[in-house]
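Below are two complexes that have subunit A in common, paired first with subunit B and then with subunit C.
Moving on, here comes the complex of A and B:
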């Protein structure tokens, strides 16, 4: 398998008043070309940090270490900041969960969209270039499913609905044909119908352009059927990763299992029953459990869990658990 | 935008009208005869006084008196000065020109000085130069303008002798007063010594302009720095970086225009502060403008002049504030949404 994004044992540590806190702990991720990979985790699990680390939005107070952080044939960690920005700016793009605030409030949408089209791609001289820029912008809007381009381009960001703003951010993100699109909870604030629209759009773009998408979400119901692989992350640790369908059908990790039973997929519950939950709360940054961080909340935890389990491989699925489900007769 | 402009202008008209009611009431509150206070004609001149009684409806009810007052006021008949017997409105125009010249130049200097320094301080955030700039600006902001003016006169005019102590122009040049703005008057005049006159006028101008500009410049600097720092934290700046736009493009086309927004909003307030400072400064620099004229009229209890001066300065501040607000709403469309609430 040729991974274009190859992350091995990536750790991010933050300097806090209580010393270094490891918010991302030896994380692994491989992404191949044209693949949609869904990263599922609760808020505060470090998924956004991972996205930022890939893109290189790095705060000097973060300590980033990795055995491998490779994008195609670039070792991202050894590049200088300027080179890195060049590479990520050319090959990657990101869309965010609050699209309205990621557009300049003072400029018309059309102007901003045209600005994000790289000048190198344009043809002709001055006036022709401008016309070319405009037609390209219109084509981008068509591609994200906006028909009334003239009206939308003349609007200011505050005159857009959230769904429309997200479509425009997507149009801006794909303006330079990136190889990797990171979608960081792109639909949290949206209505279900708009949400479905955005996901369908992203899946279509991936299929038609061979664009890899790292879809970051906290909601298992938001995992699109087009997603080939998915990873579960909890408190900065990779819990389980594998092909989406297989993982959803037969999880090995108790965390995946708990998340699945909590997400109310076609469950016929009688009225007023308690909903299944995972007991306890997400630990604070300063008080991360040692070993497997799920330990205190895991229904199957035993003594061995104070040591972090290594990644184990079962066919295409990988998980980090000493006592995987479907493996151990004592389990249920 | 049209609706918003209409609302602002309607507010301006209403405020100005309330101002005339206040001015009319003042004539009764001031000591002495209300008609004399209003018209500047004393009862010791029975013939002219009787004329005013009829012309200003003083033989009728107070409502009719106000109606007549408003009529005279809008026609530009603001009475005559109690001390010089000259027509207030005719006297006022050149003085207004002199004041406007001074305030405009100071405003421009404040922007030229304050905005770039604020940007510089934002760029050096928490660095040594940031602290130096912010420290100087805070101390300059804290010095009262009348004291600063005296210090500057003492230093630049008396000790160093670089500039005349006061006044607008050397009287030798004998320039006719037309607009009151000295530079424009010199250009309009047919004196053979234009260049020398301009040089002399600038020599008189620079010190008051600098003293006047310091306060608004420091305000601008602080607003500019803070808003720039805030804008640089915004998501759209980070998103622009993520799209790989060049840093200079982000700064000049996205960060700066957005950072200017609170600065523009402050301009009206800055002008108000400038106007109150200018009144003091004109007295100190013996500048023939509205401020010194108003202060003199207060000393002399010259009520018609006081009314005229008060109204003009108040109207000017109101007008500038409304214009700034209109410009702000026009340039920054997202503000209009907040103004109407969402719809």
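Moving on, here comes the complex of A and C:
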């Protein structure tokens, strides 16, 4: 399947007092139609910036360079702002981390939802259009699994639970049938049961509408079984990418391995024993190490790690490491 | 194992008053009892609004229970002054940066509980703070730092230092791991496990991360709408529990439909 979103060597640099700081370093991503891709990274890894760069929420102080930033047959970087806005507005949508706080507190949920329905899609004239808008809003709520539509549409955002608020924001995001949905940490700080509901909903939408989803998350426990591929990103560098199941079972990169064991995934550690950790803290933007940015924290780091390793491909997995795990002896 | 903490039938009611009419009584926590031994870890799990934070707050003394009593080493907490109480129970909060005072240095903040609750001389206080900083993996040099100069992991360490500086027997942590990055979180969990071994502290965690709860806790308490549904050892609950909610929380089965009442708030 060909990729509908194709990103090659995307870099984002920020202007700071100490010169340019590269927050995203030659990032690669290919997303096919109807695929769920999970992007896992800790805070400061540039994962939210990536989402913003795809959507074009760009601050003029950022410098974005890429060999390719293609959405279907559009080269997003060479489009004029107006054209780009047209393309993004038609094809993409985003949901955010804290649903309760990005809904307008002054307006009823129903009104906000109706506002997000594109007027071009409505049929009829004046009064009919209004009725059509309302039925469409109800249908959207049904699609995200809310049955009691009349009640919910009359509420204000503060009267909703976080799960319900997130469902409303998903409904608003899918109002214009986007081809790509970017979910930026949609479930952090949510209960496991609410979290599971949201993930089930997203997976169902992706399967039934052929919508691609880029799921951005901090935690490996949030990776859904339906996600086909995932990428690990650390301090703006792509560490490893590949099919989800394969990557979880047999990581090549020490970072993936460490994240898996730190999240207590597939682990047979006896209870109350010390967890394996990466030493040190996540470096700040001003003090990024050179070469592989995991270097100072990596347990296997050696001299070669002061140069950034190229992306290496093995089967379907790609990783950037000089000394990958489970390396066959003849490969040196 | 000796009983360190015994909670007997604590409950919490709030009265919502509207005008002159006698208010409605809202029950946040129905009478709950449990015990905890020395050096044990109890995790409280449940959905939003199930009363798990209420229990934590009552034990830590941030709220008073409407009914019931809490005993530590057989002594009732109701009879203790706040000063005596906080030498037994301390609390750690979710957002470490916001629970630290940005205007004072780390050292001064750690000295404060000592000034209010002990009769140590300033010199002894400083020494105690230096030792505590070393215990949580920081340096005595961090005494003069302001909170914003530290990374999120170090800030959380300062919060833990503030909790253990009075050498309490119980530490209550309300979602202390939720806001941390995975790699930092693992470090903090290790630190807590080490402290438990060295100082024999009992922990009460409020958490909804299944993996962490399974790893660190000896006992688990499951709450649902203000009621205690189950209380038992981790092993027993994971292997034998019949309650659908317990299974959903601990086994976090994505296909399992939770009997959800918390989707809409009353």
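In the analysis below, the second predicted complex is superposed on the first by the 319 of 332 C-alpha atoms of A that agree within 3 Å, B and C clash if a C-alpha of one lies under 4 Å from a C-alpha of the other, contacts with A are read in each partner's own complex, and residues count from 1 in each chain.
We take it that a contact is a pair of C-beta atoms (placed from the backbone, for glycine too) under 8 Å apart; a residue touches a chain by one contact, two chains touch by 3 or more.
Only a predicted model underlies this, so the values are computations on that prediction, with no experimental measurement involved.
Peer 1: Quick check on the superposed pair: does A:281 touch subunit B, subunit C, both, or neither? Answer first, second, both or neither.
Peer 2: In the superposition, A:281 contacts subunit C only.
Peer 1: State whether A:89 touches subunit B only (first), subunit C only (second), both chains, or neither.
Peer 2: first
Peer 1: Is A:156 touching anything from subunit B or subunit C once the two structures are fitted on A? First, second, both or neither.
Peer 2: first
Peer 1: With both complexes superposed on chain A, which partner does A:196 reach: first (subunit B), second (subunit C), both or neither?
Peer 2: Second partner only, subunit C.
Peer 1: Scan A:103 for contacts with subunit B and subunit C and give back first, second, both or neither.
Peer 2: First partner only.
Peer 1: By the touch definition at the top of the document, which applies to A:307: first (subunit B), second (subunit C), both, or neither?
Peer 2: So A:307 meets neither subunit B nor subunit C here.
Peer 1: Classify the contacts of A:63 with the two partner chains as first (subunit B alone), second (subunit C alone), both, or neither.
Peer 2: In the superposed model, A:63 contacts neither subunit B nor subunit C.
Peer 1: Which partner chains sit in contact with A:326 here, subunit B, subunit C, both or neither? Use first/second/both/neither.
Peer 2: In the superposition, A:326 contacts neither subunit B nor subunit C.
Peer 1: Counting residues of subunit A in contact, which comes out ahead: subunit B or subunit C?
Peer 2: Counting residues of subunit A touched by each partner, the higher count goes to C.
Peer 1: Where on subunit A does subunit C make contact in their complex?
Peer 2: Per the touch definition, subunit A meets subunit C at residues 42-43, 148, 159-164, 189, 191-194, 196-197, 199-200, 218-221, 224-225, 258-259, 262-265, 269, 271-278, 281-282, 284, 297.
Peer 1: Which residues of subunit C touch subunit A in the complex?
Peer 2: By the definition above, subunit C touches subunit A via 41, 47-48, 151-154, 178-179, 181-187, 189-190, 193-194, 208-212, 214-218, 234, 248-249, 252, 254, 256, 258, 260, 262-265.
Peer 1: Where on subunit B is subunit A touching in the complex?
Peer 2: Interface residues on subunit B, with respect to subunit A: 234-236, 238-245, 249, 253-254, 257-258, 261, 332-334, 337.
Peer 1: Flag every residue of subunit A that touches subunit B in the complex, lowest number first.
Peer 2: Against subunit B, subunit A makes touches at 55, 57, 85-86, 88-90, 93-94, 96, 98, 101-107, 115-116, 156-158, 169, 172-173, 175-176.
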